Every structure is written in C-alpha cells, then in structure tokens.
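The following blocks contain the structures, represented as structure tokens.
Here chain A shows up in two complexes: once beside chain B, once beside chain C.
Here is the complex of A and B:
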C-alpha cells in the first residue's frame, strides 16, 4: 500500500466511523468544493464546466496543500454539452447565456401542468419520457423526427460519457490525492422532485390549496422511484451516504401542518426504504429545520446523516445526537460574508456543542457557492484540525 | 420483433422495460438466459437514470 492509499484508508475510516455515530481519532472534516475554487485559478467557470479534465486538474491543484478527510461537491454540477445537444431549457450556463465567469442559473417553469397529474401518477417513467422530455428539450419538439432522434442518441451518449468521466476523475483523485468522496448516489424528497422540476414553486403552492389529493398521490407515486434512483446512482455502494438536497422542506417554506401532511410522510418513506437496503441518506437540510427535529427523530437510528446549516445546533444535538451522525456546523453564509476569525470561532463552538462524543463531521452546512472566500474555507479546515482532536 | 407482441405496461421503479416484459417478446432463448437478463437490466437501469436525471436537480 503506497502513501496515498494509506492516507485514503485512514481518512475513510475516520469519516465512516463518525457516520456510524462512532468516535474516531479526530473530528472528520469535509472540504466543500464548489465554483468558488475557480476564482483562485486562471481558469474561467466556462472552462471548468465544459472541460471535465480541466476541472479535475484544478481540484488536484487545490487539495494538494489542504488537510481534510472527505470532499463534497463539484466545480461543475452539470456538463453543458449534454444539455446543448438536447436544447434543454432548464439551465443557463457560463459562457453560453452568461459571461464566462458567471454561475449557472435554473430556469424554473411549470413543465408539468395541473392537467398532467393523473397521467404522471399512473405511469411516471412513461409520462416523463413521452411528455416531460419533449417539453424541456427543444430538440425533441417533433418526437421521432431526424433532429429528435439524433438529439436522443447524443444526449444518452453524453450522459454515459459524463458518468464515466466523473468516475475516472473520482478514481484519479482517490489514487493520486487520497481523497474520499463524501457521498455516493443522489435522491430527493418526493415533494421536492414534484415542486422543483415538475410543477415549479408557484405551481405546487397553488396545488396545496386547489388539488391537495393530487399532490399527495403524486408524491406517493414518486417514492419508489426516488429509492430506485438513489440505489442506481450509488452503483450498489452502501458505505457512503446518498446525497439528498432538500429544498422546500426548510422552515418556513411550508407551515407545520402542510409539512407534516405533504412533505414528511413520503420523504420519510424514501429514507426508510433506502435504509432497509443498508443505504444511509445525507439529509442535506440547508436553511433552518429546527421546528421539525421532533419528527426527524422518528427515523430509524443511523439511517441519516443530518446536515446542520441554520438549524439550531443545540436542539439538533438534543433531538438527534447519539442516534444520527450530525454534519456541518458552519453556515454557508459565513463562508461568504464572515472573516477567518469568525469562522474559526464558529468551528470551535460547533465542535464543542456537537462533536464532543463523536458522531460529528465538521463542514459547511450547505453548498459553498461561487462567492465563498478561500481564506474562510482554509480557516474552517485548519480550525477543525486544531480543535477537533479527541 | 413482431408488432403484436408489444404490450402496454407500467414499468416498476428502476426499470424502463422490465426483463419480464422483454423476455416474453424474446421468447425462448437458445443459450444462457441469465447472461442476457443481467446485461439487459444494466442497460435498462442506465436508461432509467437518464430519464429521471432531468427531474432530480
């Protein structure tokens, strides 16, 4: 075993021990990768998005002199050429719609109309294939046509290519830099799947009043798909948690009775079904989830890793500590607007409050965006090492 | 594949065209059916991930 493999094994053990609520030698610390990294290079965001190999080189350059255990995030969440091959309306990428160093944007629309509920609920995958894909992708305007057929070939090929490139990049970073990925696979809360990409925010909020039974039925129809999607994208791995970015469940987006009725039951079902296969979920609770901690505590022990962004840390510890690994502790806003000293103080407080008896991973409580400051990220990693020794 | 063999079905989660459906269309296979099934399911899973990718942002 060479030095990098040894380093990987050491970090992997530290990280997974904490995920399992154990007490490793140190508090594991996760590097929040994101577009912010590109600012500190001579590369544009456009290059980082389009050239996967360039992004991997940048990451390898950044991580070389930093001490951390696992890495979360990406420089480029999507590969624009795949979207361009399909004429996708959902995203706007740097260098195409925006200047080369602007971040991406999501173009939210009601891509699924209120009249589509019954067909979607009856056969979700068929509906997505026949109705949704042609609506979000301009090249599919005439299904079966030359342009649509070519676009489908190119889109599927690009999907496979990008997955293979990402896998190769992950392997390279593991072998050459000893980097442990923080997650494997991805899933979502059914309400978010429905509200983010299908009905849109305005659509689903109106639906809660006008057609609540359809919302419930659609969320229930999505449950097995979000379990399957999590398992397929994990490629069978159960050692690392499945990433679940949670959007519309944060307080106060929904009032409590709506959250309990529309958001929680089907999200809980996804988590429990994944856990039944041995797959833990990274409950990526960006924002404030304090009012819902009592319900989250109903989940099976160790079935989630609970991410703390703006959730009250003491209450999270009180409700979830010991039974679930706690993750985060440094608000993403602080990485942008704070100072290194404020970040350092925050890390110390987080470790004191959350990490004294293990079962804690120190990192940002959400995705570090393009405006995060390098000096704050470095302060977070260094303070974690300074205060995080058991 | 004859047109009249294609049936309407609801694909279970994780599949686009489940093996059970395709097997009926294939009929009797001369060699090792398990090999055909395993590889069918791998590619079917990739297609499923591609379709659902667009709503899991």
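Here is the complex of A and C:
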C-alpha cells in the first residue's frame, strides 16, 4: 500500500465512522467542490464543462495539497454534449445561452400536463419514454424517425463516455490525491421528481388543491423508480450515502398538513427501501427544514445523514443527534461573503454545538457555487483540523 | 352575492366561488373596478395570512392563479376606466438568473395592494432596468435573485442606475439575501419573503 492509498483508507474510515454515528479520531471534513475552483485558473466555465480532462486537472491542481477527508459535488454536474446530441430543452449551459463564465441552469416548464396524470400513473416508464422524452428533447420530436434514432444513439454514446470519464477522474483523484468521494449514486423525493421535472413548481402546487388524489397516486408510482435509480446510479455500492437533493419539502413551500400528506410518506418509503438494502441516504436538506424535524426523526436509526443548511442547528441536534449523522454547519453565504476569521469562528461553533460526541461531518450546508472564495474554503478545512480533534 | 363575499372567497382560495361571484357581480352591474378592489382586499388578507404563518408558498401560488382567472374575466370590461394606483414599481430577476417563482409572488401581492407593477421578466440586463426606470419614473425598483452566484449582477445593476443619476429606492429579494448582501450591493432594502417586499413598498410610497 503506497502513501496515498494509506491516506485514502484513513480518510475513508474517518468519514464512514462518523456516517455511522461513531466517533472517529477527528471530525471528518468534506470539501465542497463547485464552479468556484475554475475562477482561480485561466479556464472558462464553458471549457471546464465541455472538457472533462481539463476539469479533472483543475480540481487536482486546486485541491491536491489541501487536507480534507472526502469531496462532495462536481465541477460539471452534467456533460453538455450529451444534452446537445438530444436537443435538450431543460438545461442551459455556459457559452451558449449564458456567458462563458456563468453556471448552468435548469429551465422549468410544465413538461407533463394535468391531463397526463392517468397515463403516467398507469405506467410511468412507458409514459416517460413515449411522451416525456419527445417533449424535453427536440431531436426526439418524431420518435422512431431517422433523426430521433441517430440522436438516441449519439445521446447514449455520450452518456456512456461521460460515465467512463467520470469514473476515471474519480479513480485518478483517489489514487493520486487520496480523495474519498462523499457520495455514491443519487435519488430524489417522489414529490420533487414530480414537481421539479414533470409538473413544474407552479403546476404541482396548484395540483394539491385541484387534483390531490392524482398527486398522491403519481408520487406512489414514482417510489420504486427512485429506489431503483438510487441503487443503479451507485452501482450497488452501500459504503457511501446516496445523494438526495431535496427541494419542495423545505419551509415554506408546503403547509405542515400538506407536507405530511403529500411530501413525506413517499419520500420516507424511498429512504426505507434503500435502507433495507443497506444503502444510506444523504438527506440534502437545502433551505430550512426546522418545522419537520420531528417527522424526520421517525426514520430508522442511521438511515440518513442529515444536511444542515438553514435548519436550526440546535433543534436538529436535539431531534436527530445520536441517531443520525449530522452534516454541514457552514452556510454557503459565509463561504461567499465571510472572512477567513468568520469562517473559522463558525467552524468552531459548529463543532462545539454539533460534533462534540461524534456522528458529525463538517462541511458547507449547501452546494458551493461559483461565488465561493477559495480562502474561505481553505479556512474551513484548516479550522476543522484545528478544532476537530477528539 | 356581495363584494365582501368575494374578498372572503379570494382569501379562502375558493377558486370556483371566486369566478362565480366575479361573473355574478359583473352581470348585476357592479363596476368592474369595485370588483377588482374586492379581489385586492382578499389578496391583502392572503398576504397577511402568509405573514402570520397560516399560509405557505403553495397558498400564495394558488392565490395568484385565482386572481389571474378573475382578471381574465374582468379585463375586457376595464378598458377605458382609469385605474388609480399607489405608485409605480419596476421589477425583474437580474441577469444570469432565470428563476421567477419568488418574483411572480411579489408582483401578485404588490398588484393586489394597488401598485402599478412593471415586470421585466427574468435574466434582465442592467440596461433594461435603467431604461424601464427612465421610462416610468418608478420610485422603487425590485431586483430578484435566487442563485448566490448571480448576486454580483445586483451590484452591477444598482451601480448602473446610480451612474445614470437615477435615485429610485432599490429593494433586493431572494432566499439567500441578508443585511451583508444588501450592504455589499448597495441596496436600500432587502426582502426574504414577499411580505418583506410589501413592507419596503409601503415605506417608499407611504403605505
């Protein structure tokens, strides 16, 4: 075992011990990777999005010498050429719609109409293939046509290429820098799948009153898909948690009774089904989830890692501490607008409040975007090492 | 069938009842502007309930949709009637950001409260804000942002307004906005919720 492999094993053990609510030798700290790393190079975001090898070089250059345990996030969450091969209408990437140095964004529409509910509920996969894909991809407008078939081949090839590139990049970072990935695989809450990608935020919020039974039935139909998606995207790995970016369950989207009825039961079912196979979920609760902590506490012990963004940290500790690993502690705005000293103070407070008895991972409470400052991220990692020794 | 009943149905988000009452009042000869006023009263109550924590985002979105349905019926009858308003507000989501949910809710509540709102949409370049303020003479400009990485555009837009000698008050709004951001970009007010935006308007226009 060479030095980097040894380092990898040591960090992996520290990180996974905390995920399992244990007390490692130090508080594990996770580097929030994001578009911010590009700012410190002469590369544009557009180049970093399109050239995966270049992105990996940038990451290795920025993070190579820093001391942290695991890395979360990606520089380029999506590889634009795949979407371009399909004529995807949902994503806008730097360099085309936006300037070369602006991050990608999602273009939300009602891609599924209210009239689609019954077909969707009867057979979600069939509906997605026959109706949804042609709507979100210009090249699929006429399924089965020459144009659509070529686009399908190109898109599938690009998807495979990107997965292979990503796997190689992960391996390079693990072998050359001893970096542990913070997560494996991805899933979502069924209500978010329906609200983000299909009905749109406005669509689903109106549906709660106009066709509540359809919303419930659709969310139930999505449960097995989101369980399978989590396992497939993590290639069966159960050592690391499955990433679950959560959106419309945050306060104040839904009234408590709506949250309990529409958001929670099916999301709980996805988490419990994954946990039954040994797969833990990174409950990525961006925003404020304070009003729902008592319900989240009903989950099986250790089945989630709870991410604290704007949620009241003391209450999170009170409701979830000991039974679930807590994750976060540094607000993303602090990484953008704070000074290194403020970040340091924040880290100290987070470790005192949340990490005193183990089961805590220190990191940013949300996705660090292009505006995060490197000196603040370095200060966060250094302070974690300074204050985080048990 | 009264205007009070309409305001109440609006506040309670009774969609079918609102539409029925609007049609009934119109048919019975009530002035369209008075009907709008009743709807606005209901909308103010919706805002109050959000403020007190009884209503959430989903209720605000529903209220906006009901209002839109009612206005679709009323608008053909409103032409020619000079609607009075409390003042003009220019609003938009700043350049680089295409999120509009928060902005649309504020627009709905401001209209409901009786302001003339000029909505520039999303991904609005600073030049467009400048032009709209010059054209309308708006005393208040609302700039919406969700992405923290687009907060720089707030600063650029405010600087562009000031460079043109425009002294309209500026309220910035968004979930990740706070006092630090407000100071950093040089805004006059900041708003995390739609009701914060209403309060800023009330201060600028005196209620």
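As a convention for this text, the second predicted complex is superposed on the first by the 390 of 390 C-alpha atoms of A that agree within 3 Å, B and C clash if a C-alpha of one lies under 4 Å from a C-alpha of the other, contacts with A are read in each partner's own complex, and residues count from 1 in each chain.
Everything that follows uses one rule, which is that contacts are C-beta pairs under 8 Å (C-beta built on N, C-alpha and C of every residue); 3 or more make two chains touch, one makes a residue touch a chain.
Being a predicted model, the structure only gives us computed values, none of them experimental.
Residue contacts after overlaying the shared chain place A:274 against neither chain B nor chain C. Using the contact criterion defined above for the overlaid structures, shared-chain residue A:258 touches chain C, although it does not reach chain B. When the two structures are aligned on the shared chain, A:246 is found in touch with neither chain B nor chain C.
Residue contacts after overlaying the shared chain place A:377 against neither chain B nor chain C.
After overlaying the two complexes on the shared chain, residue contacts for A:307 are found with neither chain B nor chain C. Once the two complexes are overlaid on the shared chain, A:179 sits clear of chain B and of chain C alike. The touching residues of chain A, counted against chain B in their complex, run 90, 106, 122-123, 125-126, 128-129, 132-133, 136, 155-156, 159-160, 186-188, 193, 196-198, 224-229, 231-233. Every residue of chain C that touches chain A in the complex is listed here, in rising order: 13, 15, 55-59, 61-62, 65, 96-98, 101, 147-149, 151-152, 175-176, 178, 180-181, 184, 193. Residue ranges of chain B in contact with chain A, taken from their complex: 10-16, 45-57. Here chain A touches chain C in the complex through residues 35, 92, 98-99, 102-103, 105, 107, 201-202, 205-206, 208-210, 251-255, 258, 287, 332-333, 336-337, 369-371, going by the rule given at the top.
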